[in-house]
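Below are two complexes that have chain A in common, paired first with chain B and then with chain C.
What follows is the complex of A and B.
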């Protein structure tokens, strides 16, 4: 078990280092924050002063070593746009993002898993086809298209809900639905496939043949066995709670981490982008690690393998 | 919990006047959707030198000399009620009496001098003499809690006031701007973004430069209630405004990056104004009779510049040939719904006596273009054309039209999409033509043609343009007080930069469009700046 955990933690740390390194190099090679923030018309002396002030005139390997040295001291850098610590800026935005992603996550679970189970239990019926058609539509329609359609209908035509912003809880309804429908479609598809695979297994037929009521077969044998692939997808969704709303936040002008990321990338506000990526990579890695550990809980056979 | 009767009565009594005031204030509050509030997340216009920053500055800030924003942009008294020339290098201004800052302080000459001091503008820079920027040092990083100026501000201040040596306080209401060299443009420079006056006490009491710059205490008609960077800026009426009671109770500016979201919000009734409307969306908005799109040309021209160090473009006839190949009116009609115009060179009518009224840019003449290309020795070599993905409105579409127009006269101009300005300016690979824009920060050519193409301008600094006579004229324009000589020099500069040895060619005047509810009576300024002062808002 210890070896399993050590390998998993080692991989997790390596993933985070690779993500941060990749982001560091790409951001520095693809644009000059001085021109982006100061404008192309800024005096050359002003641009030079900006670069010197932020250490951008140093070789990239010097910048990289300084950056990693600072990370180990708990310093994630300052925003070039306003001089505040990048971590503070990101933390300020997390509640707004979670205000969308948590309800959307709940909606995905509440709609997607029951729909997938129901479709699997009624395979090839009209209901199954309708549910799956809805699921396919949900995850194939891009969120910005779905978002704009919802805005056109519910904000512009009907005037029931705000088109964007963060004025009240009503402002969150359309973005949550936009994200929730897409994710629910994905979950419904995966849950249905997993359930169909399990329902075709011999132990399900055996249980039915022994006279176990069908409901009990589904709850006691099918659902737990179908949970592993579904948990994997849910794990990814948990991992994207922090920065999984980039497009939706832009469409609905919602001031969360996603919007901050877009603005920071556009302005090459390096410390902020790196801070967000570090946070997202860490969340994703922790989430995947948790899922890996959950496999062992859900499937006793895996415990033996991992230890 | 029971409320004691006396406390309840006392509480009611305290609440009564507030309710009465609230009921008396029938002025509307509005919401404006913009693409971006500020590029730098600050509201100090020496740092926020962007178009988007210009949009809000008239709301809370003011300058000593104002412009007629709803008219011909002529200079008019602002915070200074009058001014006079002491000599070619010295300007004396008399401040209005009893102008109050948002913190209640009365404007004095000390505030003006502080605005143009090393502490808030120039750092340790020295005036520019004979076209040479004197050296300066930089050291600190602006950060939370630091009172030091961001390092990029002194160079910006120096470009705006290159020769300013000091501001002298004569008495409580009189200041004297003393230049190191003669400068006839000083009045114009005082109308530009970056010359706003803020309360000295407010700056000194702010815990850091950033705290000041997030909430500058100016004298404008609206004061800043809250600034949430990247999210919103909320202003409320400054009822002690010297120019009369502002027409709005409050203004809320919200950042809505997507154009479709801005238009949807306007149509849904959430916003009163939606800014930065692309020309192709004007018909979409105006299809609803309750809304209209206002605005038009601004003090900015879209240009295409040449790298005259490129061997293919070295002969000026080749560059002039490319200029004659462009049917600018077709671009305006096709991509701008006809709502902008072809300007007479890099100049604007508000230049007044410096405006060269009879000057025209190279006209559309394909035959002449072909001849010039031939005479210039052009043999069909590829000419790289670097551009960004719609950094400017309609940029990509315009470039595609240009390439086709150039192809019609035999020029092989090849588009090379770039991601950022460093790649656009990269001199390690072959450069040819590129897109740019030139604005007029104030009413003199030194603000545009000199600042962009002169010895200290970005084009020469990047090695794209060199012309000895042109550079001499730039220095003359910056330092001479001989107005007829300056006029002559400017005409000569236009001849050189637009025809004899082209540095650039003008495409069209830029324009900005704002969608609004038709019921609102409001006049857009020929600028990004939005004016909501008394007299410019009614329902």
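What follows is the complex of A and C.
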């Protein structure tokens, strides 16, 4: 078990390092922060002074080593725009993002899993087809399109809800629905196929042959087995709680981490972008690690291999 | 046999309009051991899955299946749940996949004890341990808390049998119970079934493609071909004097245990596909005794011997092999 954990933790750390490295290189190859932040017309001496101040005049590998050295001292750098610590900027935005992603996550689970289970139990029925058509629509329509349609209907035409901003809890309704519907569609499809797979297994027939009533067969025998593949996709959804709202936050001008990321990338505000990516990679990796451990809890066949 | 425990009459099953069973009549008496033999796809398993309502909803089932006079086809789900595992239990071919991988062994048995005998808690656990002991699983006190994947295939089939016994059934349907197991384990499982039958007096339906196993275990044997029973007789009778050319063909394809070595004779041709059944006898295209009449209409089962025997010997054949009696 310890060996298993050590390997998983090692892989997790490597993943984070790779993400951060990739972001570091791409950001530095794709634009000059001095020009984007100060303006292309700034005098060359001012640009040079800016580059020296932020260490951008150094070779890229020196910058890279300095950056990593700083991370290990808990120092994630300052925003090049307003000089405040990048971490503070990002942390300030997290509550706003969670205010969207947590209710959306709850909606995905509450809608997607029951819909998928129901569709599987009534395979090829009209309801199954309707649920699956809805699910496909839910995850194939891009969230900016769905978001704009919702705005058009509920904000512009009906005037029931605000089209954006963060004035009251009512502003959160449309973005939450936008994210929730798409995720529920993905989850419904996944749950349905996981359930169908399990329902076709011989042990389901054994349970029926034993006289277990169908409702108990579904709850006691099918669901615990179908949970094993479904948990993977739920894990991804947990992992994207912090960064999953980039598009939706932009559409609804919601001041969360996603919008901060968009603005920071546009400005080449390197420290802020890297700080967000580090955070995103960490949440993703932590939730994947949790899923791996949950597999062992849910599936006794995997326990032997991990110990 | 006066009042059969289970009587199947005119049972037909079709999947998406393709017939799988084309009129099956079977009786199982109290405490009797009946064998069903035939190739895969002949309908042996489907017969009993249909009888217990275990086929998917897409299967169209018609005919009659009675248990102690009570009709099971179309019975209310709650009634069927009482029968399944309670009065008629069933075990399957591949025990490893027939057991729920995420439930402990104890739970799989106590579930049946709760449903059929109202046992819960410590009483159920004690009874589960007794059942594991009865089917010969060593160290049941420890084994009760492990998972199916931690046991061998043979142990898993014993566990399946223990689960089946939990409801104290009057009839056990064993669907190819040893097919997935090694030969030595096979013999152990068959011994176990024989011993349990002696201990409990339950009836047994043994579904198998292995004629030797059936001959060894069963009082009476039905031979199935393409969704019908083509011959039925006492086990000794059918192997000594096969009347249907298909049964004779099956026996000729088996090596003799004693007796001189000889070439095994395979039956020429193939089983017709279920969607392209000939109107007459399904075996006629492969049969060297077939005449034009065989292809015209399905022959009904009829007695093949005038001699009075305890068990009728019937064959669905217009030209059965005539039994020669020593005079």
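We take it that the second predicted complex is superposed on the first by the 307 of 307 C-alpha atoms of A that agree within 3 Å, B and C clash if a C-alpha of one lies under 4 Å from a C-alpha of the other, contacts with A are read in each partner's own complex, and residues count from 1 in each chain.
What we mean here is this: a residue touches a chain if its C-beta (ideal position, glycine included) is under 8 Å from a C-beta of that chain, and two chains touch if they have at least 3 such contacts.
Computed from a predicted model, the values in this text were never measured in an experiment.
**Student:** What does the overlay on chain A give for chain B and chain C, a clash or a fit?
**Tutor:** Here the two partners, once superposed via chain A, fit next to each other without clashing.
**Student:** Does the superposition put A:202 against chain B (first), chain C (second), both, or neither?
**Tutor:** second
**Student:** Between chain B and chain C, which one contacts more residues of chain A in the superposed model?
**Tutor:** After superposition, B is the partner touching more of chain A.
**Student:** Once both structures are overlaid, what angle do chain B and chain C make about chain A, taking C-alpha centres and a multiple of 10 degrees?
**Tutor:** The three centres form an angle at chain A of 160 degrees.
**Student:** For A:210, using the defined touch cut-off, is the partner it touches chain B, chain C, both, or neither? Pick first, second, both or neither.
**Tutor:** In the superposition, A:210 contacts chain C only.
**Student:** Looking at A:267, would you say it contacts chain B, chain C, both, or neither? Reply first, second, both or neither.
**Tutor:** first
**Student:** State whether A:287 touches chain B only (first), chain C only (second), both chains, or neither.
**Tutor:** neither
**Student:** Of the partners chain B and chain C, which touch A:225 in the superposed model: first, second, both, neither?
**Tutor:** In the superposition, A:225 contacts chain C only.
**Student:** Once chain A of both complexes is superposed, is A:298 in touch with chain B (first), chain C (second), both, or neither?
**Tutor:** second
**Student:** On the overlay, how many Å separate the closest CA atoms of chain B and chain C?
**Tutor:** 50
**Student:** Do chain B and chain C touch any of the same residues on chain A, and if so, which?
**Tutor:** The answer is that chain A has no such residue.
**Student:** For the complex, which residues does chain C have touching chain A?
**Tutor:** Chain C reaches chain A through residues 49, 52, 54, 77-78, 81-86, 89-90, 92, 94, 97-103, 111-112, 115-116, 147, 149-150, 160, 163-164, 167.
**Student:** Would you pull the chain B residues touching chain A in the complex into a rising list?
**Tutor:** 39-42, 49-50, 133, 136, 138, 140-144, 146, 150-156, 158-159, 210, 214, 228-231, 254-258, 260-261, 264-265, 267-270, 419-422, 424, 436, 439, 452, 456, 458, 461
**Student:** Can you list the chain A residues touching chain C in their complex?
**Tutor:** Answer in residue numbers: 201-203, 205-214, 220-221, 224-225, 228, 298-301, 304.
**Student:** In the complex formed with chain B, which residues of chain A make contact?
**Tutor:** It comes out as residues 30-32, 34-47, 49-50, 52-54, 78-79, 81-85, 148, 151-152, 155-156, 159, 162-166, 250-253, 255, 259-260, 262-263, 267-268.
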